[in-house]
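Both of the next two complexes hold subunit A, though its partner changes from subunit B to subunit C.
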Partner chain A sequence: MNQFKKEKNKFIILMLMPATILLLGLTLFPFVVSFILSFTDYSLLRPGQTKFIFLENYIELMKTKDFWIALRVTVVFTVFAVALQVVLGVVLANLLHNENANVSFLRTIYLLPLAITPIAATFTFRLMFNPSLGVLNYFMKILGFEPQAWLASPSTALFSLIIVDTWQWTPFILLICLGGLASLPNEPFEAAKVDGANSFQIFYKITVPMLYPFISLALLFRSIDAFKTFDIIYVLTSGGPGILTRTLNLYAFKHGIEYLSMGYAGSIAIVMLIITIIVAQIFLRKNKLLQAKETLR
Partner chain B sequence: MSKKKISHLPPIKHLNLTRRHFVKATSALAGAGILSSYGLPLYAASNVDEMMKMYQNANIDWQSQKGSSIVLSGLEHPWMASIEPLIPHFKKLTGIDVSVQKQSESEYVAEVPVKLGAGNPTPDVYMVWSYGQAANAGWLESLDQHFDNPDLFDKNWYDLGDIFDSAKSFPIWNDGESYVMSITAEAQTMFANQNMLDAAGLNIPTTFDELLSSGKKLKSGDVAGVAMRSKADGTAGSWPGGGFVFSNGGVIIQDGKCMLDSPEAIEAIHYYGTILKEAGPLGVGNYHWYECLNDYMQEVCAIGMDSSNFAGDIENPEKSNAAGHTTYGAMVSGPSGKRAKPNMWHWMSGINSKSQNKAAAFLFLTWANSKPTCLMSSALGLATTRTSAWESDGFKSAFGAQAATAALSNLQNADGKIMKDCWFHPQSGEILTPFGIAINEVVTGTKSAEKAMKEATAKINKALGV
Partner chain C sequence: MKVLARRLILYIFAIWSFFPLYWLLNTSFKTSKDALSKPPTFIFKPILKNYYEVISNNQVWGYFFDSLIVALGTTFFGLLIGIPAAYVLARFKFKGSADFGFWILSTRMTPPIAMLIPFFILYLKIGILDTHIGLIIAHVGLNLSIIVWIMRSFYEELPMEIEEASYVDGSSFFQTFYKIAVPLSLPGISAVGIITFLFSWNEFLFALVLGDSVVRTAPVGLYGFVGYQTIYWGQLSASASLLLIPVLFFVFLFQKPLIKGLTFGSYK
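Moving on, here comes the complex of A and B:
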């Protein structure tokens, strides 16, 4: 029997090996390399002259005004984009859940943005935002409003990026919430109806609290992802006007890929990782996801 | 009013057609005439046999690398667009396979340095976006040893005298070696919609002030007066903005130090920002050269000022509504009263120092820059570095004779040294990105020219360690 167990364990380990190696190679290895590089002045321009400089990159980062501006932009983008997505995602999920089968095709339509290649969608938005030829300003003119320089104006650039991110990622929240709604028991809703509660009261007092664990999970995933957003910002504004939409990821990209200062870029990436871990830990502890699950039962 | 006018261009001094140039040009054109007599486009595959005769006049063992294959990497650019259809000629001549990798400029300048920095042996041949960075990092093979190899290079046949002086001096790095070959010649050139100028009763502007006032008069609800790049990016506003700085007596880098906080540079960028704020299209702060060219060709912008290479697209009636009624002009001069110095550029190609196929790569470079290939590519509208190609009928027809005259004049007036001090700097990325962002801040009204340029200068000098 022991022999059988040993063989079984070997088999399991063998089967898990490729995926584990791949996972470690794609996550742990780059992380370790970035971590080590962040303590050096490694530059692709001087590959043979790398020096260990310990915390110098981090100290320099903390003293740089551009870093703090990028951090502020990242936080503002993350908070507003994710908040908008959660509100829209929960409301849409509730509407779709309560609809009958006649509008089930709407689910497919709402989920389409998730299936579209992000870069292709972003280029389409670039055309739509084009001040002279884009469809947005065309409608603005029809409605009697002044056309806007959506991506070039300091007052609308970040807002435009939030709109694109919201279009792309609201379906993710919607999907999680739809799954959550399908798993909720019927009794509390029926009891509320018997007690005379209206639709809004049911949504606000029963649906949202019961959906809370799912919303929390979606919020956490989206916050981590939004914090790292790169593609839409790079394609649409390149961080402009000035540096008003330059996030930490874009800041790291500039230093790593454009200036080829891999050590400094590594320190930005590590700081981003630390911020993400701290925020995620605080969030998980505050929200007590496991306790919330208990209430569901 | 579709007739093109020669604008206020300074006289062309060095490019007068001398007897030597005339003989060279006519010899080359006679070669090209062999092909056109068949009634076929010069680059047509069916002309390969005729073209082979021109290459076989060279004392080069074209077949010495037969069977090898090389990777050519470049960006979406007229050079790639005109060389790619000619590659079958090269394959037939040498037996070398060429795979082409093409990306947008932003993607290209982001990806290729990482590949090269990691010691990747491909691409074998690539368009060099930052000579200083690439030469300093050891990513380029010195070409001098190949120039001395009689199996790979025939000096007489190649005819260096046919190549512009600036294109010959550009590749010489500060250690005296040449690591690249210049492949295109372009200068900052004004292009103006003559119909719109006539309708407004305006002449082509010659100064910053005239450009501003003309741009404002030309601007209407649907049409912008002037479009120039100003996206918050090191590859956008810094090039035309640099021309404004030079034309106002300023420089970007002097003795290794950034000088963008000088009164001349601040004044030039103030003008650049004011022109675009008051006469530019809505959202010009997000414009790279694609948007400028596109707006101009769609006739939603009256005046542009960018690379002379745009003429190839502007004069193509399939792409452009402005074809046939565009006047090309000289760089505008600043209020300092100093001579206008447009920015200029030679795109360059080099061989990856880690390439496994250096001889084959060198044969490709020699072929791509040879007189016959330049004649063929210039007939597709490419502004090459060869006098014979610029003077060919094929080029004048594709590019526009007046555009060619204006581009040559602007090339003559450019100051290659002050341009190279910045764009060839090993840390050019750390200079051009803050400069590009500062221009964007001025154009979008985020900061005044003085504040933006002083802040950019401080950042650049910190990065340069001065």
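Moving on, here comes the complex of A and C:
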């Protein structure tokens, strides 16, 4: 039995080793550097005169109204975009999975937004959103609606970004759910059909609960990524009009890359990391996803 | 009736997914004047000039090969390193396994601004700046969390009896892992493989900072068509459209296990 235990430990260590080495090598150093920088006034404009200022960056951040606005924008963007994507992704995965006709064509179309180079897609959206020569307002006029300024108007800018993000990332949820659906056993579904359940009941009472581990993981990863979205917002609005769509990540880039004050940018990054860790911990604990459910022998 | 409603929804979503790409394709066949016409034109005299320009542009071929090497390398090594870790986290409890899993997840949470400059310095010191292997390592690192966590939930959904039976038959842990668990988790490997490939293929910020002169992937290269004053719509849209072809080919190859019943039929 001791031999078996030894064997098991050796197996665990060998299987985890490559991932551990790689991630330690890649993430420990950047994290420590940013963490230390966030307690200094390090700026690339005057690199020789860096002072240790302890919590000053953080105190300054908490006192700045712009930071709180950026936090609110980030949270609104993340919550609405991810909620929309999860609902769409789960429903569509289910519809696609139940379709008996050949759907490889549709599946491929659905994955296109994830496949196209985001730079090209985002600039195409910018062209489509253009108030005077964009195709969106062209359709609005045909359908008898008032043309909108979309990205330039305070009332529609954030909404437009959420739409673009949803367009791009719904396929991610869809893909994970399709994989999940393909690996579920058939018996519960067949049993429910025999019992006379309709397709809505099956979806609600069987599919969603069985798919839940996959849905919650897709939701978690999408939230982590949406929280630090950069490229689409940078290209489409650059945080405008004013600072109404400026997220924390854009705020950090402004200070780090444009003003070159790496210490301050570092403190924003650390605050973002802390928020994400807290929310993720609560989420994982609530859904009991932190640890393996059952283990071998 | 129900079938009809379902198809209607499926096709509406297909139009929604496809329309921006239709617009991109549309633009790629337009002259620069037509691309920015007012009102936007649906019917116009298509030209192939943009495609000629892109295909005869050796740089665009360079972006393509750099992206292909990096994305394939990232997918291969990411799965090779990530799947074993996912399996162990799903099947064994050991001291600190929950914390270990969370630590892996947390590597995705760090905002890029905190990673880019240290990464740059680190790469400069080791001498892998602007190399394929350097970008592959970075992309594997960025995506390992997603590979490990999603594969882990696929393994948790697999019934354990088959693996236990394999132990009773005298197979070792390794044999059981690669002869039983890996084949049964093919839908997961397929979904995660597609996701990893696409993430790497489209990743912009790290490819820009850690690459750019010798190794220039497609997103960085295409960004070159966006000038300060003008956007070269023709070349941008034509090269983006062409770059879709290899991606679709990859997705098509990898999506087979996603089709229902293919795996579970075999084990029942």
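One rule holds for everything that comes next: the second predicted complex is superposed on the first by the 262 of 297 C-alpha atoms of A that agree within 3 Å, B and C clash if a C-alpha of one lies under 4 Å from a C-alpha of the other, contacts with A are read in each partner's own complex, and residues count from 1 in each chain.
Simple rule for what comes next: a contact is a pair of C-beta atoms (placed from the backbone, for glycine too) under 8 Å apart; a residue touches a chain by one contact, two chains touch by 3 or more.
Quick caveat: nothing in here was measured; it's all calculated off a predicted structure.
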Subunit B versus subunit C as contact partner of A:F54, first or second or both or neither: neither
First, second, both or neither for A:T237, with subunit B first and subunit C second: first
Which of subunit B and subunit C A:W68 touches, first, second, both or neither: neither
Partner chain in contact with A:S132 - subunit B first, subunit C second, else both or neither: both
Touching partner for A:L151 - first (subunit B), second (subunit C), both, neither: first
Subunit A residues touched by each partner, larger count belonging to subunit B or subunit C: C
Which superposed partner A:E258 touches (first subunit B, second subunit C, both, neither): first
Partner chain in contact with A:L45 - subunit B first, subunit C second, else both or neither: first
Partner chain in contact with A:K8 - subunit B first, subunit C second, else both or neither: second
Touching both subunit B and subunit C, residues of subunit A: 132-133, 253, 257
Residue ranges of subunit A in contact with subunit B within the complex: 44-47, 129-133, 137, 147-154, 234, 236-244, 246, 253-254, 257-260
Complex interface listing, subunit C residues touching subunit A: 2, 6-7, 9-11, 13-14, 16-18, 20-21, 23-24, 27, 35-40, 80-82, 84-85, 87-94, 97-98, 100-115, 117-119, 121-122, 137-138, 140-141, 144, 146, 148-150, 152-154, 156-160, 163-164, 167, 172-174, 177, 185, 187-188, 190-192, 194-195, 198, 201-202, 204-205, 218-219, 222-223, 226, 231, 233, 236-237, 239-240, 243-244, 247-248, 251-252, 255, 257-264
Subunit A-facing residues of subunit B, complex: 106, 109-110, 113-114, 117, 133, 136-137, 222, 224, 231-234, 281-287, 291, 295, 298, 300, 426-427, 429-430, 433, 437, 440-441, 444-447, 463
Subunit C-touching residues of subunit A, taken from the complex the two chains share: 7-9, 11-12, 14-16, 18-20, 22-23, 26-27, 29-31, 33-34, 88, 92, 95-99, 103-104, 106-121, 123-125, 127-128, 132-135, 138, 167, 170-172, 175-176, 178-186, 199, 213-214, 217-218, 220-221, 224-225, 228, 230-231, 248-249, 252-253, 256-257, 262, 265-266, 268-270, 272-273, 276-277, 280-281, 284, 289-297
